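Both complexes shown next keep chain A, but they swap its partner, so chain B is in the first and chain C is in the second.
Moving on, here comes the complex of A and B:
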């Protein structure tokens, strides 16, 4: 019980935040929105998976990835491949030259199913692949980059490049991937029509439950020692390294975790929207996803969900009400958010709360908003004095671990 | 003092922003379409006693906006003319415009909105094959009605879509026959952008060249969308010396492709070229001087000397300005609202199934491009013409075929 409360929910404050979110998503939205709008909310929430992952890897880990669309896309494509194979049974594709293979393969003169498509006939394999394939991908990128101590802007640029490479690959190999059209016209999941209203309701709830689960995993990570290490790494990577921690491994771990989360979002996207296309893999969607996290607050897992919701809601709303001007309105929204509250919506909320606390209870009240600060105080207590007396510190350190940095 | 004012201002901005977001949330939930029933509308479409609502779904923003604007203008013109002439079944047409934003998922979202929320009786829109593929399942699921204007690769036929542009065989076969006969072409060089439409078109072209025309394809090349370096291609062309280049290069690549051909000395005099992707709209971007003498295979050219076209061009310019040019797709888009109006009036109903049924064999004798008929496979019977581009950006029509039956699933060409 204590474990659930402190670690999974993140204490009293965190539990309240999750509860409000759960009530909003599980009760308020389904009650007050019709199925069309609810399905849209479901679509927005699939981006929230990516945003939550970004809070962990960017907000806490300090790893800014501008290529999360890559993992979202891999997860989404894995799901889409399974659904497409199910939709391309010989009966419904008998008009093709080669019945039984996806329509776009037929248009591209393929006469047999490529080998890497074969396993996606199996749902169990697909579900595993949704998580594992992007994770392996992230692991390879992570190991290659972090072991070489590539970080910051360089890492961001490389992730961007990889996202671009994958887009070009998907568009170019259209016989195998559906090209720029993507994989479209997905109908059923094991015979269950995913386009019906009832299916949309069910998928929405599955989506929300998965999202809450992902948030709890995130909470579990940041409330533990790992979370503290991540913050420490973000702020002073070298110190953590010199304390004997394997910084690269932690970075790889959090990057893979964020990738896996994005992939779940991608798979849920395919299920709810009914197709997958390379326009989710490239640079623009990847940057958009960073914006969701930034608007929500990059240090707040729950804020990221609200960020994804609000930005996408704005997108839909502006483009419906002002089809010609909407891009300018979106731009204005981003600029205002960044200017008015640089820490995102969560930052704004924390500030209001702090003010409230200051006004009502002058002291002795520990809140979520302050937790980060206590942290800042704890850490310097150990290191700061040492840091000031640099010469003595060097003398005190055994020569074998001093390294050439000291 | 100053600081305090600024702080207050900042707080005010934040408050108003919060209020704004809140209003959006409430507004979104309140917006619902008003249903109306009558004899002509048994499927709960947005039809009232004096109005009927239709949707226009094109990219108003993003990379495709420049191409799709013409279609939006043509559709709006047609609807305005229909309204002036008394509307459809005595009802004035109201338009809801949605922006697909050059983004296929957005197209799907907006298509769904137009059908589910707005209950539009018909939608005129989609442009690229990718956007059509994205909205197709939505139209089939919600039993909507889409009029799709672009010439495209074929291999598709849906109960819920009418294709007012040419499918691949209509555009290609007549063009190649003409090239073989008039230009005495035996060696063809195929070039396309790398996506479904050029690939399918070239597949059909190759089969036709090799099997029917007994010619040869000396090379077949594809370049990514947006590709601008055609130097190596031009060297290959110079090496292989084809009788005709057959091209389906689209978008920004077109500009680079023709400019570089010209710069390399491969002008129309030295190297004949037939394209299926250049209309008057593209010529604006490429420049008439770079295209002079090359040929396009289309069903429509602005310069067509037909009474229906003269009227159409005049009215289009009156509404959208004297400088506007009209390409093949723009004209196709203009056909949509009219074909829908006549089908509705023939059916005496707005119900999609009845309109679809009534559309069969619908004829239009003096459309801007002349006689046309709606086939029961939802494509149009029409003529194909070869235009030779002039320096001023207009075409001289050098060939006109008979009316060609649409054949979206051509036997022997797949």
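Moving on, here comes the complex of A and C:
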């Protein structure tokens, strides 16, 4: 019980935050929104999975990934492949020259199902692949980069490049992937029509429950020693390393975890929206995900959810009335948040709450038992990747200057 | 055969391949039977043609407190970088005890086998409390999974509080690292190194920024640490060095210029030239 309270909910404060979020998502929204809008909210919430992962790996671990769309996409595509195969039974595709394969394959003159599509006939395999495939991807990227101590801006650019490569690949390999249109026309999950209103309701609730679960996993990580180590690593990596910790393996861990979370979001996206396309994989969506986390507060798991919701409400509202304006607005929003509110909405909320607390303290209502804990803004430092063994420090420091290169 | 099978599917045990294998280094015993705990031979480190260390040879005995002095740029910090794996030597041997080749280990592995280091510029975790700073340094299983599940035992809590008291920070245990004074940061970092339970402590310029009183306390602390552990202290303050050292090594231009007691070293002609001449 103590464990659940302290580690999964993050203490009393954290439990309250989760409770408010749960009430909002599970009761208020379903009561007051029609199914069309609720489905829209469900779609936004799939981005929140990515944002929560970013809080862990960027906010706490200091690893800014501008390629989370990659993992969102892999999860989403895995789900889409299963649904597409189910929608492509020989009966409903009998007008094709090769019945029984997805329509886009037929259009691209494929005559048999490619080998890597085969296992996606199986739902159990698909569910595992949704988590495992992106995790393996993240693991390989993580090991390759973090063992070489690539970090900061360099890492961000590389993740961006990888996301771009995957998009190009998906678009280019039309016959295997559905190309720029993506995988569309998904209908049923084991015979259950996912386009019906009742299915949309159920999927929305499944989505919310999974999201709350992911948040609790995140809380579990950050409330423990590993969370403190991540923060320590972000601030003083060398001190962590010389205290006997393998910094690279922590980074790989948190990066893989964030990737797995994003992938769940991707799969839920496919289920709720009914298709998956490369426009959710590439550079722009990946950067948008970072903006959600930044607006919500990069140190707050729950803030990230609100960030995803609010930015997307704004996006939907403005992109209907003035699409160009929205892009500018989003840029401005991002810069404002980063410059003025480094801890995002959650930071504002904390400040406001502290003020309330202090006021009540003044009036002698209740004492303020909260420990001071603020965070500096810390954007990725440009550190050269160490490909050679000795390139640790700036070279050519005159020997008469007292160096502090320790 | 059946026995074996039964053994491997016992219910009260996890499959053995699922058990975390203990780090191979943790079991490796430090062998100091021949005296020295640290052994450097002919270490050379070159930065773009400039030799920061030049055929440096140095041994530290088990339990010894050694002071290392030398002008700015003599290579003192670089020597610590080599010992802790931060910089790889271009040539030379570096052994910890008789068996552990330091040039083959990663920085974190070197820390795990028992070498702790305090940096020249005080390096503590700014957004963690003093208590948490020590908790993170605490000697425990430091791999990812155990760190995720870690929780402090009562004993460990006590030992952290003891250390806090020892370094005079018990009253500041909930203060964030960044809000401590310079001297307090220095102490906290020494405390962190102590928490690692190292066999060898490398302390780079501990008293920079300390008041006279704090300096005295630091001297006391270092003297107390030596004996059970070996301590190597780099310091510019001669008076401080005199107060703690029985053996002093003078580094100059990357190699050992002189070695001996403080008074021997002070009367050494070459040392006088280096410090007063030029």
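Keep in mind that, in the parts below, the second predicted complex is superposed on the first by the 340 of 406 C-alpha atoms of A that agree within 3 Å, B and C clash if a C-alpha of one lies under 4 Å from a C-alpha of the other, contacts with A are read in each partner's own complex, and residues count from 1 in each chain.
Note that in this section contacts are C-beta pairs under 8 Å (C-beta built on N, C-alpha and C of every residue); 3 or more make two chains touch, one makes a residue touch a chain.
Predicted model, so just to flag it, every value in this text is computed and none were measured.
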For A:326, using the defined touch cut-off, is the partner it touches chain B, chain C, both, or neither? Pick first, second, both or neither. first
Touch check for A:181: first (chain B), second (chain C), both, or neither? first
Which holds for A:228: it touches chain B only (first), chain C only (second), both, or neither? second
Contact-wise, after the overlay, does A:280 reach chain B, chain C, both or neither (first, second, both, neither)? first
Shared contact residues on chain A - chain B and chain C: none
In the complex with chain C, residue positions of chain A that touch it: 220-221, 224-226, 228-229, 231-232, 235-236, 238-247, 249-250, 253, 371-376, 389-390, 392, 395-396, 399-406
In the complex, chain B residues that touch chain A: 10, 13-14, 17, 21, 24-25, 27-29, 32, 60-61, 97-99, 101, 103-106, 108-110, 112-113, 116-117, 129-130, 133-134, 136-137, 141, 153, 155, 194-196, 199-200, 203, 224-225, 409, 414
Interface with chain A, chain C side, in the complex: residues 45, 47-48, 72-73, 77, 80-81, 84, 86-88, 106-108, 111-112, 116-117, 119-121, 123-129, 132, 135-137, 142-144, 147-151, 174, 176, 192, 196, 204
For the complex, which residues does chain A have touching chain B? 32-34, 36-37, 40, 43, 95, 97, 103-104, 107-109, 168, 171-172, 174, 179-182, 184-187, 195, 273-275, 277, 279-280, 310, 313-314, 316-317, 319-320, 323-324, 326-327, 336-337, 340-341, 348
